[in-house]
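Same chain, two partners: chain A is paired with chain B first, then with chain C.
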Partner chain A sequence: MITWIRRNLFRSITDSILTVVSASILGFVVLQVFQFVFITGRWEIIQVNLKILLVGRFPEDMMFLVGFSILATCFSIASLASGVSRTVETTPRLAGRLWELFQRFGLIIATSAFLIVLAGDLDAILFGAYVLLAILGGRLFGRARRNASLRKLPGWLWVTINATLPLVLIFLTMGQAALEEWGGFLINFYLAVVSIALSFPLGVLLALGRRSTLPLLRWLCTAYIELLRGAPLFVLLLLAGVALEFFIPASIAPDAIFRAVTVFTLFTAAYLAEVIRGGLQSIPKGQAEAGKALGLSTFKITFLITLPQALRNVIPAQIGQFISLFKDTTLAGVALSVFDLLNVGTAITKQDDYLGQGLIYESLAFVGLLFWVGSYVMSRESQRIEKKLGVGIR
Partner chain B sequence: MSNEVFKDASKMSGGRDSDDAIIVIDGVYKRFKEFEALKNINMQVGRREVVVVIGPSGSGKSTLIRCINRLEAHDDGHILVDGTALTTDIRNIQEIRKETGMVFQNFNLFPHLTVLTNVAIGPRRVRGLSKSASEELAMELLTRVKIPEQADKFPAQLSGGQQQRVALARALAMTPKVMLFDEPTSALDPEMINEVLDAMKELAQDGMTMIVVTHEMGFAREVADRVVFMDKGEIVEVGTPSEIFDNPKEERTKKFLSQIL
Partner chain C sequence: MSPQLSTPSKAPFFRDIRTLKWVLQLLALFAVFALLYWLYGNYQENVAKSSIQTDLRFLDNPANFTIPGNDLDQSQPVRDAFVEGFLNTLRVAFIGVVLATILGTLIGIARLSKNFMVRTLGTVYVELVRNLPLLLLLTFMNLAVVLQAFPRIENAWLPLDLFVISNRGIAIPWFIGSPAQLAIGVVSAALIAFVVARVRIRQADKSGKQDRAWLFGIISFLVLVVLIWLLFGYGWELPYVDGRGTTGGLRLDPSFFALVASLVIYTSSHIAEIVRGSILAVSKGQGEAADAIALSGSQKMRLIILPQAFRIAMPALGNQYLNLIKNSSLGATISYFELTQIAQITVGNGSPAVPAFSLTLLVYLAISLVTSLVVNFFNRRLALVER
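Now for the complex of A and B:
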């Protein structure tokens, strides 16, 4: 230990200075954060406004639908994650497995526990338990496909079930409340889930279209991709706020959420398309040739051979796009005046009880925490799936 | 397509009678931009015949056999496989690809599929067999190339020789009438070459029609009915193994053989 310290931290004078300086900065930051979190922070503003922050003023009697939509999303994600990966390399030792589980779920469980404590009621605990059940159920459904029981279920059907289940519930829920009533993190969550689910197939089609041998199709896809990648997301959102009226009469114009979903989907699809196209280009020509030599059609070569490998190769970049999308949903709040988490977070500091007390730090810290946890979990899962699929090995 | 076109071809081939031919190549040219990779190739392959193609690097051996299943499109001339003419018509191309199996130098197995699925994919997705029937067939073929125990692994977990035998099984699963081999042992470590050559010999003994591009002269001598020597995009000399190896007539053949033997 001491030799390690000496060798790695104090090898030379410069090393030692750097070590001391960075250690003091680190110590200072940690101390400040600790003080803020446990001593000076006035967290009652979060506690009092917890429901508004999470779901806005969503009608109480329809809350069960929100719950179902979240459970369905957890179920589907767990199912997809365990269904696409194969051969679980189990660590033989119990301690190792526990450590693995801790790495994967520790942060989620800690955050959930934190929220439950903040909420401080039985329903929250119950809901936490349901989420756990949904995740376990999803894993079972995912594994069932890989193992014997659901072998007969075609892959595309299984994916479709997983993708539509949460979407249907989310759309159902969104229809239950006027936009003024709901808000908070639920908006960011829904925007992200729906846009991810819709932009993925669109991105795949655009990528394939851009590689198509049909000139018109290729040209259209290229134009679309370059156009959207060249435009700032924020501008697109602002445009969606006003421009749709030009095309659609105001009476049937979709509300802000649908506009936001449209923009996020179209925008993310363009980026995804480029990522996926890169993946397709990385597949050796011999793969398609082997498919041709067997007599497979171009369509089957794409969907059975090249595309699955391409998607696998670019998992980190794809998830990266999804993480950006998740965080960018806060832009919708500003551009389209939707009451998303960030907007609610700033609004609560202007309540009579808290006005002028500088509680914006507490509020932003909470907002940031939720986004950070979400992003971090996605990024970790992407690494895990990548490892399980053996990227770089096969 | 009338038979007239091929009258000349059968004379030039020096091979068997054209009624017997399963592959007829007549006056075929292939160009990459200005470069002529194949120049006036005429050749026939009879049923159950094993033809070995040899020649220096860049002489067009790969291009020739890749034209037979249309991985390359020839520019001039005609190619007939089992009576079907290779044209731009995609149905003809698919028909011919179903009848011809190909084994590549670097295997080209599908890395994301198990060994069993690699072999079963052709029968299932092209011939439309059920999942269980195609897997049963795949298992039979894996047994035939002597690696049934590897069925559930992924290609990357196998040795080179094993991978190439999977590739062979994958091609055979389509019950092809002709097998094309493009340097099937060139990417293998020396100690694995024989296991692949043995599997190929067995296949030849079972009466498969084969066109093999290879540098394994021992295999050519032992298994080939005819040896074709190519150079600079042309067929320079055709003959039985002993004619080519012991008694080459052309200067270029002699020079090539002296360099490699």
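Now for the complex of A and C:
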């Protein structure tokens, strides 16, 4: 213990000074946060506005659809995650597995528990239980695909089922409420999920086009990718906010969500294309040549041999892209006046009951907590997958 | 009897792979043009219906708004406002890039420190900031820090009596005289300091002693600045509170401060990760060789590890600089008068939206292209020349 302290904290005089300085900074921050969270913070503004922060003014009788779409998303993510991974769990003991799960998802579980306690009603507890069930169901479905029972099911069909199930439910939900009634964290979540799902096919095509041997196709795709990557997302959103209706037939009246999804999809596709291109470049040439030797067509070589491997290799980077999209959905709130979590967060401090009381710290802390937990857990997961794939080591 | 040799007949042109390739490409090109034509047709039709301008003539109309901290007149054309916004964007981008690089490098090094406390501090900073949306940081900086935590002007903070910090902005000591004078003074001092440093390096190469080029350069720069200041009678001016505002010095807008601070905090957390990764990627033998010739810890970092790490980091750093420049468009959300905010205001004042925002996008694209050219130039200069 003493040697550890001496070696890690007080190696030399400068080292000791550094230790004292950084320890006092850390101590100050921790003390301030502790004081804010448990003593000075006035949290009833969050408790009162919890529903608006999470789902906006979504009509009460349609809430079950929101619930279903969230359950479906959890189901699909769990199913895809356990279906794609090829390694069998090596920790056989239940206690060890639980500890691993706790390390991976403890933050999400704690935050959900915190939200349930904050909501303090039976529905919230029930919903938490349903989410757990959906995740277990998804795992079973993914397992079944990996083991013998669903082997016959073609891979693309299995992926399609998993991808469409939540999307259909989300679109159904989106149609159920007027735009003004939508809001809160739900919008950030939906925007991110829908846009990433829509931009994925486009990104794959753009990546293939940029790697193509056909010059015209390559130039077109490169031009699209570079143009979109050189433009600030915020300005694109502003442009879509005032000008999208000029470019589509007058019969379609775009609302703010439609505009946001369009921009996020087109924008993310350019970045995803670059990520996927990196994956395609990492596949050794021998793979495609082996396919050729078997007499497969170029189409089959791409979609059965190189692309699946490329996509698997860049799963971490794709998750990174999803994280940044998730964070960028806040821009839609300002640029298109969508009532998203951050917008709600600043708006609730202007309610009559709370105006001018300086509650911006409380509300932004809550908003930040939700975004932070989501992004942090996802980035940890992506690091775990990266280690498992051994991309950096190979 | 010789066996019958059948020469393979040429494939018909519609099965020739070369024709097929070009047909496919032309089809793709046609599809793209059809899409663009359709969009353009819709645009023309919709614009004709609502009689909106489609060209850049709006740039000559009077701006009808003023920019705080700038003597732009209301009657001046929109063009001048755009130029001013462009300059403001460049200001934020330049200061942001410099500060974010410095802070990011320090934190990246801290994350690899042998000292447990320093390491923890770095990790906490990176993991905390990296996973928050930039807009949240910006909103927090603007609403919670600048407008709420900073004191009102009557009881402004006066650290060392050099600065005036209040919720009306931050005033810093500044040079008296025109910006051109300042630029000439600083640039000539820097040039001479650079020459001094080069001479020191050359002498050290001959004598084999330590060059201390940086030390000599910085000292001669400071001496020269003081000399120029004394000789030409320039001066510094300290800001002081004057009623409801500040006088003297340079006043930084609260929104400018909030924007730069949040951009620097956000980008530095990403740069720290890049620097950390690049330091780890420098081959271990380099550090061990530095230890073997008994360089001190800071010499090892400064002379051996960091130069090689930056060579590795350069492309990724360039991406972060581009992100920072594009993210500066968020200044519009807190009414900092940069390019995007100017575009938004003129569109609100009746300028046509599509040309105005397209112009803005083109300017950002141009800035991005120039930045990536500069980064590529340095990248080529730094890159290892291999066989």
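Criterion: the second predicted complex is superposed on the first by the 375 of 394 C-alpha atoms of A that agree within 3 Å, B and C clash if a C-alpha of one lies under 4 Å from a C-alpha of the other, contacts with A are read in each partner's own complex, and residues count from 1 in each chain.
Please note the rule applied: a residue touches a chain if its C-beta (ideal position, glycine included) is under 8 Å from a C-beta of that chain, and two chains touch if they have at least 3 such contacts.
Remember, it's a predicted structure, so these values are computed and weren't measured experimentally.
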Touching partner for A:236 - first (chain B), second (chain C), both, neither: second
Chain C versus chain B, contacts on chain A by residue: C
Which of chain B and chain C A:23 touches, first, second, both or neither: second
Contacts of A:11 with chain B and chain C, given as first, second, both or neither: second
A:346 touches, of chain B and chain C: first, second, both or neither? second
First (chain B), second (chain C), both or neither touched by A:227: second
Contacts of A:327 with chain B and chain C, given as first, second, both or neither: second
Chain B versus chain C as contact partner of A:286, first or second or both or neither: first
Which of chain B and chain C A:367 touches, first, second, both or neither: second
Touching both chain C and chain B, counted on chain A across the two superposed complexes: none
List of chain B residues in touch with chain A within their complex: 69-71, 94, 97-98, 100-102, 104, 106, 108-112, 121-122, 125-126, 131, 154-156, 167, 170-171, 174
Touch list for chain C against partner chain A, complex: 21, 24-26, 28-29, 32, 39, 42-43, 45-47, 49, 113-118, 120-121, 124, 127-128, 130-136, 139-140, 143-144, 148, 322, 326-327, 329-330, 332-333, 340, 343-344, 347, 353-354, 357-358, 360-361, 364-365, 368-369
Touch list for chain A against partner chain C, complex: 7-9, 11, 15, 18-19, 22-23, 25-26, 29, 214-217, 220, 227, 230-236, 238-239, 242-243, 245-250, 323, 327-328, 330-331, 333-334, 342, 346, 358, 360-361, 364, 367-368, 371-372, 375-376, 379
Residues of chain A defined as touching chain B within the complex: 151-152, 284, 286-287, 289-290, 292-297, 300, 304-305, 308-309, 312, 390, 393-394
